[in-house]
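Scrolling down, you'll hit the structures one after another.
Two complexes, one shared chain (chain A), two partners (chain B, chain C).
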Partner chain A sequence: MRLFTWWLRRALSGAGTLVGVSILIFIAVRAMPGGFAETILGPFATEEQRAELAERYGLDQSVLVQYWNWFTAALSGDFGTSMVSQQPVGAELASRFPVTAQLTVMAILAAAFIGVPLGVLAAVRAGGPGAGGRGAVVGRLAGGLGVSLPEFVLGSIVVYLFSRYALGLSVGGYVPLGDDPVGNLRAMLLPAAVLSVFAISATARTTRDAVLNVLVEPYVTAAVARGETPWAVIRQHILRNAAPPVLVLLTTVSAYLLGGAIIVEYLFNLPGVGSYVVHAVGRRDYAVVQAGVLLAAALFIVLNVVVDLVVGLIDPRLGVTTAGRRT
Partner chain B sequence: MNQLTPAEPVVVARDLVVDYLAAHGPVRALDGVDLAVDAGETVGVVGESGSGKSTLGAALGRLLPSRAERRHGSMHVAGHSVFDLAPQPLRQLRRDQLGFVFQDPIGALDPTMRVGAQVRRALRGRQPSPRRSTRDAVAALLDQVRLRDPARVARAYPHQLSGGMAQRVALAMAMAVQPRVLVADEPTAALDSQVRDEVLDTILALTRAAGTTVLWLSHDLNAVARRCARVVVMYGGRVVEDGPAHAVLARPAHPYTHALASSAPSHARPGERLTPIPGRPPLLAGPAPGCAFAERCRFVVDRCATERPPLARVNGQAVLCHRAEELRSTAALPLPARPTDIPAEIGGGR
Partner chain C sequence: MKRLDWLSRCGLICLMVLVAAAVAGWFGLAGDPAAIDGDRLRPPGAAAWLGTDDLGRSLLPRLLEGIGATLLLSSLAVLVTAVVSTALGIVAGYVGGAVNEAVLRLVEVLYAFPSIVLAILVAAVVGPGRPAAMAAIVLVTIPLMTRLVRAAAATVASRDYITSAVVSGVGMPTMLVRHVLPNVGGTIAVQGTYALSIGILVEGGLSFLGLGVQPPQASLGVLIAQGGIYMVAAPWLVIAPGVVLVLAILSINVLGDGLRDRLEPREARSLT
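Showing the complex of A and B:
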């Protein structure tokens, strides 16, 4: 029962957030200087031409009516057609989404499988002999650099290096995963690596802090006192208890990665959602921008729900059914 | 594993010196501890916070925090020199010979794991028969520590247990291996007073049945003296008095023990004033030049501040005090008439 009301609450608040986001983005794209007609027809078009175009796409109606039309259509799964390409937005997004998803998933996996072990290592070393040594300083510098280096800087460097010199991987040449897995991975490796630098650094840092907090817990001492091996203590007790903050961070990072993917897709010429939406913003292709932003918001909401559930499974004190109950 | 002759003590600390490295320099936690405990003994280690008793307990399993450093001396448990063991034999010693019960019962259990799973981990590799009996073994262990409804406790998470239940679970895990030595560091400090006695009874009954040596670390001299045959009093990182419980409590030989006994609330009759010990425990940066208690002692003489007191034997006790003999002969340490609360069979001692 508690679980049911929790689901209901989360679903309602998620839906409310989506409606709010859609309203905001609807207003925002229309508030941008230079409308669709100006962008398409250029500065020398006549008033009649502009009016005609606006009428064709319903842009002459009031924003309220436009939103209502869009909203009712969106409820039935129709996100409109691109005013530039005349293609349905839903289908276009669906075909491009796998690229962005793959990019983000690869970066998140790198964060989990590289960042988490690095963080654990840093925490365990910080408590042991040689703490504050050269290794720790180098690690902290690298971490700080990784968090603060923007994708467009790192990405440009990588693109330049790999285009200028034969380093085994080439830039561009995307093929879908289903058609040619090896070729796909060869094309995706570099952009995913660029995207993952921030995720790895942030994850390593959060993991380190979380593990340091767990290391001082009495149950860790108790496990050591029972003669458990360091590896067993890490796996059975430390990782489980340090996981919640890391998982929450990974959710936030994945939202950030969706943003970073825009730049990386642009740089590496990948047919993903990010580059699609950026082009659409430039051309004032309203329907595309709306749907793209809505998709990102929906993903983020779903991810948050999933993480809340997983965190509750790991630590029953934080469980969704015990939320707000103090014991 | 165990090459002991029965006569050899199971725990031997020799001149053990341990420092904690703090930002402003080292703090001496143990300042030359000498202690030998025979197999099967139940020893109460009494001292204020800061006396070094927890450090001593942790040293038994080499469980000192990383900022602690052993400067000198040795610790032998079951014939093994704890500080000289390689990681693997050290783990084996902890697993097979040592049990620990800590102060915070719920904190000592992993909050993300069901109690049954944690007890099973403590049992792992120790069950001769496979699978079938694991759950029974867990239930039997929980039953042994007198938990009602073991099956329900096994399914629970630690935060769903009361402090007393959690401490029984911790005890069950510590005793799962029938260790030779159990270190109980203030095991009842976090519990309600009515649960305390039950938990202590359980600890002592279980360890007696298993023949386990018990080191019970506590700040409560009277509680310890009631239940242990032998009492060890620590002050300033040293063992200042060591002897049979009834003797230590009835005729304390060290001025500190005397002060401790007179300041205990259970000692006073209603309406009577308690005598607090003036001053505060020392914070040593290195070896104490003389007796660590000198500053607070009513019987202090010049050499107390400059000369470390040698071991003296007074009555049945071993005492670190320059004037121990003198104080005994002049009966300078009388105690107020006290309720007779030492059962004869324990008081009769070893």
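Showing the complex of A and C:
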């Protein structure tokens, strides 16, 4: 019960943040230098064009009413029409979203299944002989390099290597997952690999720190003394107690991945939400930018609330110690 | 006082070499970045150490110009972040109550945007260019720094020396500047260092998408984006700025780790 109220408070605060985010996005676009109408129509618009635009976007109404109309419509999936193609933005986003989601999910899976074991391994090794020696420095450098290698650098090099030399995978040639699963995976493997390098390194790093913190706990020593197998100790005592910080990090990482996916989509020419939004900025298509940015922020907020629920289930102590965990 | 470990010192030296290179480029020691010497896409060699680009400009002076632009832009932006975050964080952490709540809400909203997404929004509103890149770096780095400075200030606020200062009748401004600020200085230095590497990443990403620094101005992101077009014919155009960018971020991060170990007490660390 206590856990439920704690989580409900987190969910409500998430909803509050979402409203704040939407206000910020709305104000940002309306407060553009030169004004909204000027920016859309250019300096030489006639009175009729201005009147038509004002009517179409409800500019003659008060700002509060405008905001309310936009936000409620967005909540129901209506993001307005693209100012360039005159197509509904919501439908376009919905058709492109699976690509971005697939990329991000592939990278998160890589982080969970490669990053977490690497981190555990690093932590267990750090306690043994040779700790703090050459191996530790190499590990620190490799981990540091992983989080310092931006997608646009790594991606450019991957694109070069795979287009210059025949390495088995080709760049581009995206097909939807439903049409041709094998072809889709072949096209998505390289972008997902580029995207996941940061996630894997960051996860490995945090897992290592979290496990190191758990390793010194008396209950681990007690479990080892009872003669439990190393695997049982890792699974039942270490992973469970090291999980909360790693899960919290995974939300931060997924926010990062949503951003990184934009760059990877742009680089590999994938038809995802990111490339749509980037091209929309160039065309000054503000309806699309507004919708895309709101979608990314909303996803991140929802993810945060969900992870808080999961963390609360794993570690019920949080429900008692109340808020303040993320401050 | 512990000295920085050798890895962090390597980072610091590497960073100073990059700054020196940028200054050398600024004084034209490597030649004029805009000069066209004829041959396009010439591989690295004696005439142009790092080769030439698609317009026949030598890459080396362009690269130095780019390093300077990226470092200057990011440092200025991080300076702004440091001032704003410190002011917000110290006041929120020390005063607490409604002020604290308001600052936390504001920061929470900014934190909800993935960094590149926030940068794209800024570029859409301000228009692509150097001001957009700077504003984006400031907005992206403010949330984390404000949070951590606030947390450090809140810890400091409960210390005995603060209580004794209150009892001696020290006023709020003096309290914040003389007693709270120096005690969160370590956090500010460490987070400022990390913010610098985030700033370089944001500038690079935004410029790579064509929404940050605009050519013919150079920055590391611009060079990588421009070089990417000729990647197959002239890989050096991406590799050189790419290596420099990674080196800059890596050395700043390593330096930040070293500073953190030295300046921040272990219990004050968070896992973010």
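By definition in this document, the second predicted complex is superposed on the first by the 257 of 327 C-alpha atoms of A that agree within 3 Å, B and C clash if a C-alpha of one lies under 4 Å from a C-alpha of the other, contacts with A are read in each partner's own complex, and residues count from 1 in each chain.
Please note the rule applied: a contact is a pair of C-beta atoms (placed from the backbone, for glycine too) under 8 Å apart; a residue touches a chain by one contact, two chains touch by 3 or more.
In this text, all values refer to a predicted model and were calculated from it rather than measured experimentally.
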Partners on chain A (chain B, chain C) - clash or fit: fit
First (chain B), second (chain C), both or neither touched by A:H237: first
First, second, both or neither for A:A225, with chain B first and chain C second: first
Partner chain in contact with A:E217 - chain B first, chain C second, else both or neither: first
Touching partner for A:V248 - first (chain B), second (chain C), both, neither: second
Chain A residues touched by each partner, larger count belonging to chain B or chain C: C
A:F71 touches, of chain B and chain C: first, second, both or neither? neither
Three-chain overlay, closest Cα atoms of chain B and chain C, distance in Å: 14
Contact residues common to both interfaces of chain A (with chain B and with chain C): 327
Interface residues, chain C side, partner chain A - complex: 7, 104-106, 108-110, 112-118, 120-126, 128, 147, 150-151, 197, 201, 204-205, 208-211, 221, 224-225, 227-228, 231-232, 235, 238-239, 242, 245-246, 249-250, 253-254, 257, 271-272
In the complex, chain A residues that touch chain C: 13, 16-18, 20-21, 24-25, 28-29, 31-33, 137, 140-141, 144-145, 147-153, 156-157, 159-160, 163-164, 206, 209-210, 245, 248-249, 252, 255-256, 258-260, 262-263, 266-267, 277-278, 280-282, 284, 286, 289, 292-293, 296-297, 300-301, 327
Chain A - residues contacting chain B, complex: 127-129, 217-219, 221-229, 236-237, 240-241, 314-317, 327
Contact footprint of chain A on chain B as seen in their complex: 61, 63, 66, 91-96, 98, 100, 102, 104, 107-113, 121-122, 157, 159-160, 170, 173-174
